[in-house]
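Please see the structure below; I have some questions.
Chains: A, B, C and D, in written order; residue numbering restarts at 1 for each.
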């Protein structure tokens, strides 16, 4: 099997989703580049695209090799309210890096915006929309393939984002960072989905993409997706579903997600999902009808590869990085120790309950609020 | 504080250690590049240096930024018995990459060899030494700054390696992958250290470096180092001490170390050390008198940075990557949530007992053998 | 404070509850006497009342000293279908033992019946009611103070039990062994409560007592009680609330409760609640409006004492066994070690997260079905 | 199989041990009766023998039924320094209760003394020996079958106790409450054992019994026994070995044992051993050559039964309480649920890793000192 798609002949995001293809998103930039030394925790802004472009390019390359079909511009929080005058250069450079790497495989470029730092204090629609529009103008200039509005705690602000992004003539995906309890004003996931898809429908005919990203682990995010799906069905609306959860196990987090766990952000190691956890997640997302499947904070390239490997039977091909990975641990079948050879099989890894090596630590934490 | 050292004026490894400086090693290549999609688990060979040099260069860069003073050639298992005809190109390319990155900061290039795949089956000294000598010839041609023989389960083979490496006129460091119980023939860490330092002394006057790497977590490796140190003191020998443990917690592993844990190699996530665990390790290593402090499998760039930050008071400077890291979480002091601001202090992170988010998993495993 | 109540002048169960008094139930007989050597696990029948009356009397005494206001006859499963011809002697002897001990303090005697072994296979109302009636006849002859129908998985069978017990002119309490998901036919806790209280009201005017016992831990049982309470409020019905949960932590059990946990019944040790867990439970039950508060399997005498101590401010007295117990660990204040003296305070025990000493065991199990 | 031994024809303790018989000790009195409401934690004195003799008699009965061959007088700390004028009545009553119950089966009466409250402050040999002698006089008057000096932290005081007890013409057993690190003055277990057996040998010819009790869990206590055994072998001395550990898992306790664990004494529930843990312990103790096998704090009657069941093949009979216990869970073979029937076998319980139901709690604690 070889990766499909030739540069120049790429299908668009909606074309793919409407034909039933699985689209694999990318993974974690902020948290991964923090560990590599290029992002500052607390700020969580992407100046690395101008300061250390090689590091960002390399991470895009890793996700591409792992099977991502989307190179999302590394423009999280890269709006004027967070980055001052640097914002414009950062957005432009991020687009160039994403496009350069996308050109080396079957991937589209998605321009990404997220919630502002303003909404929480002042629901100033004009000012907030202006911030979104500034980023959009760069994306349009750089000719991204589609747009993603992500990481919204409030559906109202997410609707504003969609309204702005629809001004461009590109497909729009929108994901909120909410759990099954809904947004910060207690609007349920189902209602959030309905409002977002309606916003889209009001402005253009045709499809749209809606879902959740970040803040919650894979299991919790799939529960939220189920509620969104039910909301859309109940309202008689159609939309493509998209999910990009944390790469961390966080069943114990509260309404605001993992940021309130005591381990956030510098003690999350023991919560990182294994590749096998992610294969299970990918299968469940697929079974739920989600077709845009990726990850957010904590998703490393091998997690994305795990999605691509789990869904290889449906898709018909493996990602390039699978050259370096035997499915279900099969690379261990030549090990000199028989008990390690015995791990070269699906049953072993599917049933493993990995130990933490930390006997003084609990398995769950109480959120800090 | 700014990183010390100018290219062209670098001090050698022994010069540094003899003047009491701390030398910071680098971290994990095989396991880290496996997760990035460039190394195959099971084989664990470094053909990435020729197949994907950008990915290897980037990882070297990250360790350099994090504070490493040593760019070890990515030549683990790159001997003829493991890689056939490719071995020579791999060694040469690995040297070039290490040198290129070392030139961008205050780092030396170390040529690295490890135990052969042969010794376990046939203790053929001539054949094994020939394999070591082949790699050494490339290292000499590429003019590495010093040599590391690492990851030996049997002290006899390690002695052979040291004997070969001493043929070059470069400093030699040697580390075994043993725990407190000693090598595979039950030779104690103390006796191993004595044999290795004597081998060195027999062939040259002057200093040497001895220690352990891989297979065991930080705590266990420091216990082994203590035994090595006692052995050397008891024998009246002097050597510099070096430790490069796993970046995983593995208090439950048996004599052969983490390879026998059920989680090896694809379910180790929850055992990954936090940066705070590594600061504690760095301090304890320093207090024990170890001055070459680095990591092995599982050590990511931010773990190396944690060593550099913990020992910044002694060294007088921080590494470049600390531009992106507030000491002890201080980057969180501007967070909008007060309970997250409260995490911007040493006491918080030192006392945190991180949860795994996995209530169905145990904290320890029984080794599989 | 001294225990209230004189023999001969005891208030009845409804009189107590209607005046707002807290009634403290008793605890575990089957599981406790299994550990003492008098009950056979698997059978779970109470022939000990005739084989080893001293052992049963002693356990009644311990609960009385601990503060129980109810001596429930040890007649669980003592119906003809489970015990053949022995059933009658067992019921009579159990009444005598309960009465003897009740006479030594402020406790009432409650005759207890439970679900039959028949209902699951054959919903033969006449046959099942006959079994209940047989036990009731003994209770009437022995003149018990009130009646408890407990441990019902199906509300229909519980209603039949209430209908039979109401034939006697005594107050009837009924508890089901269900969790928040409802009975085995998916009838919600709220609806179960309504059916049971209506059954009662249909046959007599005046109050009744309804709740849950066994199968689920304290936290889960209080959630179920909340649902029962809501159901009753919604239906405009009034009843006294009663809860007698497990003395085990079982947040991980499924719909049928702890019997499906892999640890049932011989590996439950590490789930046993502490006295402090039970004080918390008693307070929460009280705050929810429950006034008949006791325990079921796993509730030892000191757990009952913990209820009595927690609610001593409301009740105005401590139980006799508190002579041997300093509140909140105060008995430790004379310990010779200062760090143990430091445990003689409420904050210490309220905040303790007790370790299991079992690092190879998980914290939760997956139910076995 | 039926219990051996007729009253009047009982073999003495040394006769049994010298013929190779297994002698089963009894279990926990203080902690068990604290939970039943008759002992005050912190004081840990046995006035229950006069205040509530029925409760004490019942516990003796349970241990007898469970298979104990020794009814140890409940006289822990019942010396004048701890109990003032009550001490004499308590010792006398305790002897009567132990004798009464011993008469109902194949059990001997052992008079028990323990370390004084004085030694730690003032090593006044004359005063301490006087306290021991006072208790001994009651034991002699009541004609106990042998003597146990137990729970000594300092070998010197234990030697004094043995010297006093040898004044009576009865066999003497002595157990210290130490772990593998030795007594409070760092005297190793091996040397402690030697000193205690020599003390005995100096005063009488013939055998003696030495070992450990309390403070440490089964696994740790067996390690200490191994060191005692090695010490005796090295010194060429012979003695019978005796072990009576905690019924709690406490691998994480420090030198002083479980009293320094944060859970002591009111949060130890989750550490209680299962019956299967105790079967394993009994087998290992037997294999080590220990023939007096019992328990201390935390050992409930069913734990003693577990010793008797594990060693039934060697002893040729089961204890009376096994009438109510199917070996290895066999009583579950008639359960209506097939997955519970599947638990009626040894492999199930031997391999079970019981969950704590406490996901917010760690598996190990750090001792508090």
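The definition used in the following text is that contacts are C-beta pairs under 8 Å (C-beta built on N, C-alpha and C of every residue); 3 or more make two chains touch, one makes a residue touch a chain.
The shown structure was predicted, so the numbers you read here are calculated from the model rather than taken from an experiment.
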Fill in the blank from the handout: Per mean C-alpha coordinates, the chain lying farthest from chain A is D
Practice task
Select the interface copy of C-D from among A-C, A-B or B-D: the correct pair shares over half of its contact pairs, counted by residue number.
Solution key: A-B
Practice task
Report the inter-chain centroid distance for chain A and chain C in whole angstrom, where each centroid is the mean of the CA atoms.
Solution key: 50
Practice task
Please report how many Å separate the Cα centroid of chain A from that of chain B, as a whole number.
Solution key: 33
Practice task
Report, in whole Å, the distance between the mean C-alpha point of chain B and the mean C-alpha point of chain C.
Solution key: 60
Completion exercise
Within chain A, the set of residues that touch 2 or more other chains is 252, 353, 359-365
Problem - Overall pattern in which the protein chains touch one another (line/ring/star/complete/other) - result: complete
Practice task
Please name which positions on chain A make contact with chain C in the complex.
Solution key: 353, 359, 362-364
Exercise for the section: Sort out for me which residues of chain B touch chain A in the complex. Expected result: 34-43, 54-55, 58, 61-62, 65-66, 120, 217, 248-252, 259-276, 300-302, 305, 320-321, 323-326, 329, 331-337, 339-340, 343-344, 349, 352-365, 368-369
Exercise for the section: Provide the residue numbers of chain A that touch chain D in the complex, in ascending order. Expected result: 252, 359-366
